[in-house]
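Below, chain A partners chain B and then partners chain C, in two separate complexes.
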Partner chain A sequence: MAKIKTYVRPMQGWWRRNPFFVRYMIREASSVFLAIYAVILLVGLARLTQGEAAWDAWRAALTSFGSLVFHWLALLTVGYHAYTWWKVAPKTAPDLRFAGRPLPELVITAGGWFATLGASALVYIIVRWM
Partner chain B sequence: MKRSNEPIFWSLFGAGGVLSALVAPILILITGIIAPIGVWMPPQALDYPRVLAFAQNGFGKLLLLAVISLFLFHAVHRIYHGLHDVGMHVGTGTMVAAYGSALLGTLVAAYLLLVIGF
Partner chain C sequence: MAEPRTIEIEVLRYNPEKDAEPHFQTFKVPFTHDTSVLQGLQHIKDHLDGSLTFRWSCRMAICGSCGKMVNGKPELSCHTFLRDYYPGKVRIEPLNHFPVLRDLVIDQTDFFNQKLPAVKPYLLPKEDKPLSAGTHLQTPKEYHSYYQYSQCINCLLCYAACPQYGLNPKFTGPAALALLHRYNADSRDRGWQERAEVLNSEEGVWGCTLVGYCSEVCPKGVDPAHAINQNKVKSTMDYFGVLKFLMPRGGS
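Here is the complex of A and B:
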């Protein structure tokens, strides 16, 4: 049977045609960094169960140039994910009302950003001083 | 009609999205950048006895499991649905591989947190 030759619009590189889609793809790409980071933590946990020498070897590996580059890229992309997560929160969150009126979108988004800042400060304080 | 499994994965994706939006940047910054290079974070902060005590504490275990598991479920959900965007039209096998790997990571983390003691 002859192959039917209908025109298929090429979609190669579709997201590069529009800055909105470029930002979308950066946000989606953050998940790859997040997954790898979760695996790095999981490996760290495994090394922790093997004793002090194994744990120190894991920590030493994290000082390598490749690891630092990865974590910088992960910080940038996952940070962008955090920024956009709260940006869309007014549209994804359930209907939040205050005194019978829907909460303004900016309040929800800014609340999320402040929650991230607060949680980050808390984590830093706990890791450093507690 | 077959019931959709999407609500389960969407919930895990959402929970992981919130948790990662709250603490992923600071965790990446601490464990991956400032602790390794020793700037703004003394190296002793992540010394073996300290981290071990955290992993042996019930609350610490819960946090570690939540971070590893929910980050994974959030990420695989996005990667799985993002494959379409890069021109890969995937089926059930890929779906099982995606969520299965997140589940496997969760089980491994839970196992490690058990054997590390209390």
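Here is the complex of A and C:
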């Protein structure tokens, strides 16, 4: 059979063509802030092992303007990441059924949020008591 | 409102014998409240330009032939109505991520000749029963565990919705993986190990990054994103060799 000539359209800029893909890219990019935040926490842990002066220096660095801007930004993007995380949870969950019917997606998403808020409240209470 | 009204339809045109690349052509098409986008295209072909090429068959959202990008979204053109775009324009393109053969016609051979046969989309029972042994019985619960996935009509809208397929055409993709799951989830089937190589590979479930748009655009209510992502867990268990103990229909 003769080779058929086809035209393959370029993918360049694909994620800007649809708001759904823009939200997906923001979701994926928000994990970068989460990773940087985790590295900052790990550095704090390392500084703690180096003694009081190192620990205090790390804590002082956290109060700098740049650090505050980053942490506010990280809080916002991680909040969005959490929102998308529970939104896609029904896709990653196993086939959950209740009385033979699939569990509505909203129930799984809401369950995730209850768990998140519950865990956050628990951590807050423990920290306050200690 | 007085009918018929007139809407502008922009259609992507590509003639492989003449054009180096596609271009858009605009047509003015009369429509009433029940004119589908497909009927708009048929009006163009019948009355304005007989050379316009596109696929269609059943006109009632079951054959899966008439998928197009309608204003950038993968849609069955018989299932989409011109009234919903008026007074704006409608821009119709061939389904994204597939090579264009001519105008709105895409080359589907990658799916039908490679991806679909690779997942063995048919029952692989443990052993063939003679006809005299009667039918395979199934409870409603067993039936419902795969029913939605069996609604796939191979229209390829989910491939047009999947940027991972666009970026890497080797990715097995939403419909084929959803159909793979449809047979694995069927109580009459024992073929999961025969399908494991496709499922577990980099181009199998691991090619998916959960964009999730496939499940949004499916006209038949199939949820390929769920089929793929619940199988990432199964693929991991298979990697560690525990799946065969956990599958009720096990390593047979």
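Couple of notes before you dig in:
Definition applied: the second predicted complex is superposed on the first by the 115 of 130 C-alpha atoms of A that agree within 3 Å, B and C clash if a C-alpha of one lies under 4 Å from a C-alpha of the other, contacts with A are read in each partner's own complex, and residues count from 1 in each chain.
Going forward, a contact is a pair of C-beta atoms (placed from the backbone, for glycine too) under 8 Å apart; a residue touches a chain by one contact, two chains touch by 3 or more.
None of these values were measured; they are calculated from a predicted model.
Touch criterion met: A:90 reaches chain C, while chain B stays clear of it. Counting residues of chain A touched by each partner, chain B versus chain C, the larger count belongs to B.
Of the two partner chains placed by superposition, only chain B is touched by A:128; chain C is not. Contact with chain B, but none with chain C, is seen for A:112 once the two complexes are overlaid on the shared chain. Touch criterion met: A:11 reaches chain B and chain C at once. When both complexes are aligned on chain A by C-alpha atoms, chain A residues 11, 15, 28, 92 touch chain B in the first and chain C in the second.
The part of chain B that touches chain A in the complex is made up of residues 14, 17-18, 20-33, 35-37, 41-42, 45-46, 48, 51-52, 55, 64, 67-68, 71-72, 74-79, 82, 85, 87, 105, 108-109, 112-113, 115-116.
Across the complex, chain C is touched by residues 4-9, 11, 14-15, 17-18, 20-21, 24, 28, 88, 90-95, 100 of chain A.
Chain C contributes residues 14, 16-17, 19, 21-22, 72-73, 96-97, 99-101, 107, 140-141, 144-145, 163, 166-167, 185, 209-213, 215-216, 223, 225-226, 229-230, 232-233 to its touches with chain A in the complex.
Residues 11-12, 15, 25, 28, 30-32, 34-35, 37-42, 44-46, 48-49, 52, 55-56, 59, 62-63, 67-68, 70-72, 74-75, 78-79, 81-82, 85-86, 92, 112, 115-116, 119-120, 123-124, 127-128 of chain A touch chain B in their complex.
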